[in-house]
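Please find one structure pasted underneath; my questions will follow.
Labels for the chains are A, B, C and D, by order of writing; each one numbers its residues from 1.
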Amino acid sequence: MPLLEIKGIDTFYGASHILHSLSLSIDQGEIECILGRNGVGKTTLLRSIIGLTPPRRGAILFKGQDVTRMRVNRRARLGIGYVPQGREIFPDLSVMDNLRLGRIAGNATRTVPDEIFEFFPMLKPLADRRGGLLSGGEQQQVAIARALCGKPELLLLDEPTEGIQPSVVQEIEAVLKRIHREKKVTILLVEQKLDFARRVSQEFTIMVKGRVAREANIESLTDDVVREYLTI
Amino acid sequence: MIAGLSRKHLFFVLVVIAALAAFPYFGGDFRMNQLGLFLCFVMLALSLDLIWGFTGILSLGNAVYFGGGAYFVAMSLKLKYAATNPARYGSGIPDFMEWNGLTEVPVWMRPLESIWFAAPAGVLAMGLLAFVFGFITFKRHIYGVYCAVITLAESVIFEELIIEFQAYTGGFNGITDYGSFSSNTTFYWIILAVTVFFFWLARKITTSHFGMILQSIRENELRSEFFGFEVANYKIFVFTVAAMMSAVAGGLYAALNGIISHQEIGPLLSIEGVIWVAVGGRGTLIGSFVGPILIKGAESLLSEQFAWMWGLFVGLMFIVIVVFMPDGIVGTLLRRARRRRALAEGRAPAYEPAVVQAEETPTV
Amino acid sequence: MASYILEVRDLVNTVSGHTIIDHLEFDIEEGELRVLVGPNGAGKTTLIEIITGRYRPTQGQILFQGQRIDGRPRHEIYRLGISRKFQVPTVYDNLTVFENLSVALRGHRQVFSSLFYRIDARGAGQIEAVLAQINLLHRAKDEAYTLSHGEKQWLEIGMVVASDPRLMLLDEPTTGMTREETDKTARLIREIARTRSVMVVEHDMSFVRQIANRITVLHQGQKLAEGSVREIENNPRVAEVYLGRTKISAAP
Amino acid sequence: MAQAIFTQFLTGFSIVAILLIISLGLAVIFGVMRVINMAHGDFIMIGAYVAFVLQGFLGLNLFWGIPAAFLVVGAIGLVVEWGLIRRLYGRPLETLLATWGVSVVLQQGIRLIFGPELRYVRAPLILDGGIHVPGSNLPFAYFRLFIIILALALLFITYWLLYRTDFGMSVRAVNQNRPMAEVLGIDTRRVDGLVFAFGSGLAGVAGTILAPIKTVSPIMGFSYAVDSYMVIVLGGVGRLLGTVAGAAVIGEAETVLAFLYNNVIGKLLVFTVIVLVIRVFPQGLFTLQRR
């Protein structure tokens, strides 16, 4: 049984039809990457899964349970973590408070386990800093750490490397791989940077205008495919 | 367009006007007076519809202008009445002035002795007040709940001012006993004529290019700014015009009613006006007739027997209308009719939009 | 020397410590059709917001036909000749298509002149011409909320056309459109650009290829590259910011 | 003269304290839900009637009224939020109008139950008398002192709830970024309901302590509510400091000006100043600047 199964969803943003009977399934333990040019609906797909933009038609099953009409906070508690584009750190809360809020989804005590700081050692000295004062790279790490605090089984990441310096990108890459290996978290990633996507993920899905255009093992992401669907 | 009137509807409007004009012949004096007062409320509702229904400004203080116009007229009539009825006012000045130790009418109030000065002065003063108030608020993009709350406070303060300065306003008891035009058929017709004129004027404004711009501001203020409209100027203009309309309505109301008090300037009437428009249907103009006549009519019929229940009923009805019928009675009917027409012509609306929002939605 | 309709000089925009536009230098020539591309967060929309007066620049100047416009109110910037389309199609939902266009139609921006103005035969003719251009003649009497997403995009483009600017800024005019609609839009924009300067922000590269002469690539608030479609497509630095790598052929 | 003004200034503190309790409730609600509750004044009024009932029918003194009013009015707030406000989410003007309907219903309901007469409530005997403050020409009533202490305590409790508890952390998260709060598993509807109940409860407490100062009647709350709307307009949202400053400025200015000129002129001047201030700071004085 796949961990996440999306069956023919149609999602609208206001009046605009973004996803067109899109189907996709993610197996337990996979790292899958969604590729596609800007505006094809990658972000909307993630938002449909977490429930911020629920689909009008179709169904979403998580762990075999129909979550299509479920409220966002319940999905989060069921084990879906979401790191949105732009990080969305609470700017007036400290890093520690941001992380403690993340614990809610895991139905856990609100003390942040040390293991989080093992994954993200550079957050330790920043714990009391206000979220809004961090750099983009630091915010991204807080966002991932925060999602991790909720003990997700499926982690949705929307362009985690966008606008971030190369050294931090490497750290994020290492952390994602470790999370996947050690915590057995399934990862669904939206990414523009091909090299990063290739290094991190095992499978890829290419979207074009709200539909799945191609789905395969990351090895088969050839230059021809890239030229056809992704290059500028 | 919501306010669209076809030839068929024009005929309907003419029939309604004819019926209202003929009302004195079959309704009797008491009912005629009541209807005259309701028509004054209709004018207030029309002015509110202009600013709220068409421009998207929710004002909870427009009774200030209605009451302001009313006080100018009532004061003028009272001064005259006191001066010319020595049998009742030996000193020749209004009773409340005498009670408060004045021996003569203050100099600055003397010009009001002439109704021909007082009535237009009241309208102009209210226009000026609205202009200044609008200039201060709208130039700084104060909108939505902030605007509502500030206009509400304005209304509260004016009510308290009226109560406080009783030597000049009659205070809590208001101005009474100044001779009124009640049971005067000609005066009823004048009120009706002014109401029809205001309806025509509001139609003229809202169906003109200017009215379209007002509606564009209601729909999306930011979009209009980027099309080169200085949105604040439009708001100030329509706010001022509406205030002057309210002042005229208030003046007529005072002359007909024969008593005027702080309630006519305070927040209760301000908000009641908004309720009439909401119930009748904002942005329809016709709703401004339906709302007040329906509610005030029902109130006068029912509230005597069920005085306490009436308030409860109005409150509940208002909640229900806001939640389940945001377009109001006329708005809902018009929307249904349009939808039927669209379906008949095979171009059904894709979806029903959310109710008109005056909020600037932050993007990015 | 070519004459510039728009010059952006050393533009900086920072929001609570984050630099969105970073010492940007950027020009558009009179009569040009320019496409602006760049990854998310490159500052494209922010640039439009600054040009049209929504945001103030932290530093730098913007010149329109040689005249400084940064910091001026929005309506003045329009009156000088700049009109823009929003990223999310923004039309007046409860007005009809015809009314939407007549609000936008050039002229009668003052309170009193608009009060005594009614759309005359000439105005109606102009609106009908625009309606024909954007393929919405048959929807003229319908409220805008009944339009599909693509039709709304067209309507807003039409409104910008009706407002008759010298410089048009179109933010993502084809988002949410089908292939055919996108092709129609490309034709429409080429037609419009014959008589005025146009700047388009867009992601859809096949669309960009259809309309563009020159492309400017923004990245992290700076100009990364500028040139013809071919030059940009073969520019390794552009590939790097878009795909996060140096060369496509470096696949594992 | 200076002595008299100083006395007014001291009296002003108790006015500020009451206004602060009322506005705290309103500010917390407005901050999280962006909703203006037009029935806030009637929640005050119900708080006063709770004190009246406890004293008149059960013989309990005012101290009992404080927790009772908080619970009763908080429960009413919960019902209003659940039954009405969440149905109008994202439509602040409609919410404002609908809560006006609630206001009418509550006033009429109270009239039906208790009649339109004025009612009187006594302050606890233990708080009779006053303390002499040097420089002032009248003793400062213990009851006013009690009000000030209560307001400070409630301010502290609100601060503690918002900034020192897990629930407060959730509230601030919802305030700053509602969708993201939901993504983290926070039940935002529950937060809305509890915040509305808490804010309403505070209004109830304010009503209880107003009861001995003012006569209790169905329409007693309105003018206080209007003042507290002005506090929000002046102080901005997002920070308790803004609410404290707004309440302090408006409460003190109205009291002192009322003494120097008269009540209404004081109000008029304060209102004029507020309108001029928001011309310069449209978001209020203490709003967090964010784009």
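The rule is short, and it goes like this: a contact is a pair of C-beta atoms (placed from the backbone, for glycine too) under 8 Å apart; a residue touches a chain by one contact, two chains touch by 3 or more.
Remember, predicted model here, so these are calculated numbers, not experimental data.
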Worksheet item: How short can a chain-to-chain path be from subunit A to subunit B, counted in steps between touching chains?
Response: 2
Worksheet, complete the sentence: Higher number of C-beta pairs in contact (A-C or B-D) found for B-D
Fill in: Euclidean distance of C-alpha centroids - subunit B vs subunit D, Å
31
Worksheet entry | Separation of subunit A from subunit D, taking each centre as the mean of its C-alpha atoms, in whole Å | 43
Discussion item. Give the residues of subunit B touching no fewer than two other chains, as numbers and ranges.
Written reply: 350-351
Item to complete: Would you pick out the residues of subunit A that each touch at least 2 other chains?
Response: 15, 91
Response to the item:
Where subunit C touches two or more other chains at once, the residues are 16, 88, 145, 147-148
Practice prompt. Write out the stretch or stretches of subunit D touching subunit A in their complex.
Written response: 166, 169-170, 172-173, 176-177, 179-188, 288, 290
Worksheet, complete the sentence: Per the touch rule, the subunit C residues reaching subunit A in their complex are 16-18, 37, 39-41, 88-89, 145, 147-149, 152, 172, 175-176, 178-179, 203-205, 220, 232-233, 238-239, 242-245, 248-249, 251-252
Worksheet item: In their shared complex, at which residues does subunit B touch subunit C?
Response: 1-2, 205, 208-210, 212-213, 215-216, 219-220, 222-231, 233-234, 237, 342, 347-353, 356, 363-364
Fill in: Residue numbers on subunit A that touch subunit C, as the complex places them
13-18, 37-39, 85-86, 91, 132-133, 136, 159, 161-163, 192-198, 209, 221-223, 226-227, 230-232
Worksheet item: Which subunit D residues qualify as touching subunit B in the complex?
Response: 34, 36, 84, 87-88, 91-94, 96-98, 100-105, 107-109, 111-112, 222-223, 226, 229-230, 232-233, 262-265, 267-268, 271, 274-276, 278-279, 282
